[in-house]
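Dropping the structures in below, format is structure tokens.
Consider the two complexes below, in which chain A is the common component and chain B and chain C are the respective partners.
This part shows the complex of A and B:
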């Protein structure tokens, strides 16, 4: 009985934590948005919100793994762009589309492998390596398409991106939910997931405890490359046309979603539940801003501010709490005297 | 050999190699492009280096303390636009006030970064990705989709890029290049001789030790970001003078160019090493490549970014692999020198004892 009560209290305490705050924030956004229009609360609207940013959200999953592992992949949006551009270029060269898609997924894996080699085996900082590759892969994407825009893909490809496949869900959303389930299982219920957390907490300790740090990092980067390429292809299918700047600047939204979800930028902590809540928050916030007639650029600014806030707020929170604790200790000491 | 080693340092060797590379690259392009090295090309590269290098120097200060400033491009864009608009509206603003205005805006934006990073303890990469978006949004909202036009700017701004200090035959040293050289000299002095500069290196080499030694680390990092903002503001003014027409996308991508320049120039973000002179060399290398690739017809100019990215990676990787080897050679030779002096001393003592 007591144990049960403790469990209940623990889960309540968890709600008081960051996730609780996110739920509160989400509720506020929901209430404000639903005041603006009645159409907002419909299921179709929520699905539409997901569809409009589904590619970013898919990459958020692998980014969560990497950031918990105390690394980062800034090059993910460039891999998305590279995959989409390469696919379009191969298609104009007369390569059959299914083959082109497979080649692009392979290129995504190779990009991830390349990142991982430098970071895991040459011990270079992941920030610098993926920053360099952000420029490099984007440059390669531009080499393929120069300043052209390529469209006119086969009908089935465009329908795959746009038409609902099962019920009201298009392919990209199904891919996302399948990947989400896989990610939850791996991160929260498998040995590999434990390793990701342990390495994020302290890579040195992990290495001495026999965790194969290099292999885990390598796998994460390969997965990131593959998933980014997949997301890029889905993006191309949804838009029906590809340009050199496809997916340019997505890193802002992706990293904001991960960090707002309570994943520590220093690694070692975070949960996919929090990340999922923050995805909902960012999507609904953008929707609300559109309803309030704020332009896309202003929305980007607000997301940028939100990114800073999502790290700043816990820091300030911790500092205030530490100050209170100090005061309480001091008060207790005074009383004792 | 030992004397040779004690006269120089691994960083000097690295800079010499970079100079050699710059010469090799220009020789290569001059064999590929007819009439490659003319006065116009020199002036174009030197003016564009002037802008990149000024930003890169600010980035260097921040980079030395293991931080990043990704918002520099947006700061450059905002100051260029804001100052341009004020000058369009009021042609009588004196030059000094215009420059002051640009630097002032940069200081304010840099200070916002600095407060959040050093007092709010938010990692710099997060903060500056955020402010990159926020400052750009400010610019877009502020501009109302209007463009600053060259025709409406006062004459002195438009003429500024063509003002010469000194000419060697056809080669002109422009005023903007002079400003850049002044900034290089000032900050090289600051980094080498002033306590503030030395502390930047100390924080970068070992943040923990710097804090234990009692350095006001937060304050120093804050000032580094303010200075980076100020230099970006100055670069914004140079940008306005160089291009005249300023749109809302002005300065986009300069954050990457500046990081590329200093990484190629040998500034390290986890060892607290690198010099302002190195950053200048890096900027020259980057701009030389960029401007040459545009003129090289054999391959598409779109290769620029792909090459730039690989160049950054190679620079970092070679630093990790080669520079550490060089450093160990130097340390070993220093150890030998001290060993010998110890032996000499012992022998001397031995003689004394004998006597």
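This part shows the complex of A and C:
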């Protein structure tokens, strides 16, 4: 009997955590949305939700690693844009498309390497470095395409972006779920993931414990560059055309999803489960607001409010909890005397 | 006789486990330089913090001009005419000299009158006979000049009591003389100065009266003319060795590591010693003696510039902690919170961190059960009080955190274990357990380098003691020759020659 009670209390305690709160929020959004139209709950609608933002969501995965590591990569969307533009330009120059794709992935790796060099080895602030590179890589993308929009890629490429590949799922979604599984395994179960958390908590303790801090950071930026380039190419395939402003301004949505997922902006804590829930929340909330005929600007405002809340709420929770603990300790002390 | 400006009467202060101050009464007369000396942890800083309103005394009172006053915060202290300057001057580097002098003045009107401010600043500096351009930025100033700015700031606030906490610690000999000139001119203007210093020759040069604190109690207070260096040192260390676990004589094992002439520019130089298995080598010295920097060089965090490290017969250049770990050298930092443990993470993941590859399979995934088993083993062996090894370290007491940190480094199977202040801030019981553990380790043939500011601890635990002072090695004492007096004499830079004998 007692054990049963404890089990119940434990599951309640879990709900009290941030993930529990996100689950609750998601359930509310689901219920409200499904009241509006029966089509909302259909598998196709849910898949469409994903597809509309799938490139951002892919980059959310690497961004989660970086923010847990107490770093950030603002340049990721510019690398997406650069990869897409370079691919289009190479294609117009007569380079075979598969080769162009490979080159662009390599360029993504190089972009990440370049970011990482400054941040890990020159000890510069990642905020500053990647802000500069956000501008720089975007500028480079525009150099390739100027003001043109380039389309007319081979049929197979466009189909890869648009047509369901396995069951109802297109390639990009499969890529996302495969990367998600890999990311969960690395972050939650591997030694590398442990190092990411320790560095995010306290890079000095990591260094004093023999962790190769610079190498971990370097690897994360390279991964971020590669995944961003991959996402940029998938974006080009889905849209069928590329412009200089492809993926412009995506960084805000990406970072919002990571932070709303309960990842601390100061690094050191967070889980991919929380981030995945936050992705579902943002997607479904946007969808619901569209169903309710809210304008895009208003939708952005609501998401922004949610972000502020996500940063504030853990503080408020912690303060309330601390106040209770103080009272308990004070009571215990009075008793002792 | 004149009345004292400020008096403390029967001040006591307790922090959790430690009695920082116990019934301390002190007085300070106008135009007097009163020196306060004592070992690290004797209670000097606590007394300063009480006088400047950072801490409140548990018992006792503070009297200003014979009237009891309450000092709740630094604004109160400022209003009462009490100012303090510290080892590291606290100037704003981007503001100019005049702005820094008047930074705390809230009574100069709503708008800045630059012309008047520069003139006033010049007047204050002239009064102190300091030549500085009031328009120059504080950034480029030498430490001594920055201190002069701080003193000018205090004078501009009509400070009558100036507390100087080790103001000479980072000054050159020439700058010290400049500072002393300034102190003498303040004294002639009737300002009272409480001077905290580690260098006895300076204390004897500048002060009118010398008060010794030890373990939070006032031991003696003498006019300079009546005090002697030997007497002051005796008062500082005169504690009896009790409550201490005396290390049993162990057989000296093989030579593990030889350090020859290890130097790092501007930090330390000429450090040479041998470390044998089964032996505790104590590192003694006062704050600023650079003992920790030598340890950081041995562990590869801040590698030395020159000198040799010979480990198990082979010369090694240790450039990174990974390399030190591979050789079998580990370093447990004095700063548990900032450099030792990741506080929000579990006991198990803290213990396994330096040796994480040992717990990974071919795919790089952590074998959790092995990691937990290893941590459980240490929890039992070192009696870490926690409900499980999955508890975050931040929830443990200081002593148990210390044991987690020791476990973390023991788990790395070291041959040479460097312990930097392993018993600082932990209670008597945990302290004794740490001492037992050190004895246990040396019995098994490990070498321990024990850095400690707790002199009785170093004396009780060490087979040999290396004494450092300001980056220099003052000597190595065998257990038989080492007494509190000889060690403290060497650490304070007295009788340099005697100390060399054992080196």
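Keep in mind that, in the parts below, the second predicted complex is superposed on the first by the 311 of 337 C-alpha atoms of A that agree within 3 Å, B and C clash if a C-alpha of one lies under 4 Å from a C-alpha of the other, contacts with A are read in each partner's own complex, and residues count from 1 in each chain.
We take it that contacts are C-beta pairs under 8 Å (C-beta built on N, C-alpha and C of every residue); 3 or more make two chains touch, one makes a residue touch a chain.
Bear in mind the structure is a predicted one, so any value in this text is a computation, not a measurement.
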Check the residue A:189 against both partner chains and state whether it touches chain B (first), chain C (second), both, or neither. second
Between chain B (first) and chain C (second), which does A:230 come into contact with in this model arrangement: first, second, both, or neither? neither
State whether A:208 touches chain B only (first), chain C only (second), both chains, or neither. second
Just to be sure I read the superposition right, which of the two partners does A:198 touch: chain B = first, chain C = second, or both, or neither? second
Chain A-touching residues of chain C, taken from the complex the two chains share: 299, 301, 320-322, 324-325, 331, 333, 338-345, 349, 353-354, 356-357, 359-360, 363-366, 408
Tell me, which parts of chain B touch chain A in their complex? 68, 116, 120-123, 125-127, 129-134, 136-138, 140-141, 256, 259-260, 263, 269-270, 300, 302-310, 312-313, 316-317, 320-321
Chain A to chain C touching residues, read off their complex: 185, 189-192, 194-195, 197-198, 201-202, 204-212, 268-269
Given the complex with chain B, which residues does chain A contribute to the contact? 72, 118, 122-125, 127-129, 131-140, 142-143, 146, 244, 251-252, 255, 259, 265-266, 295, 297-298, 300-305, 307-308, 311-312, 315-316
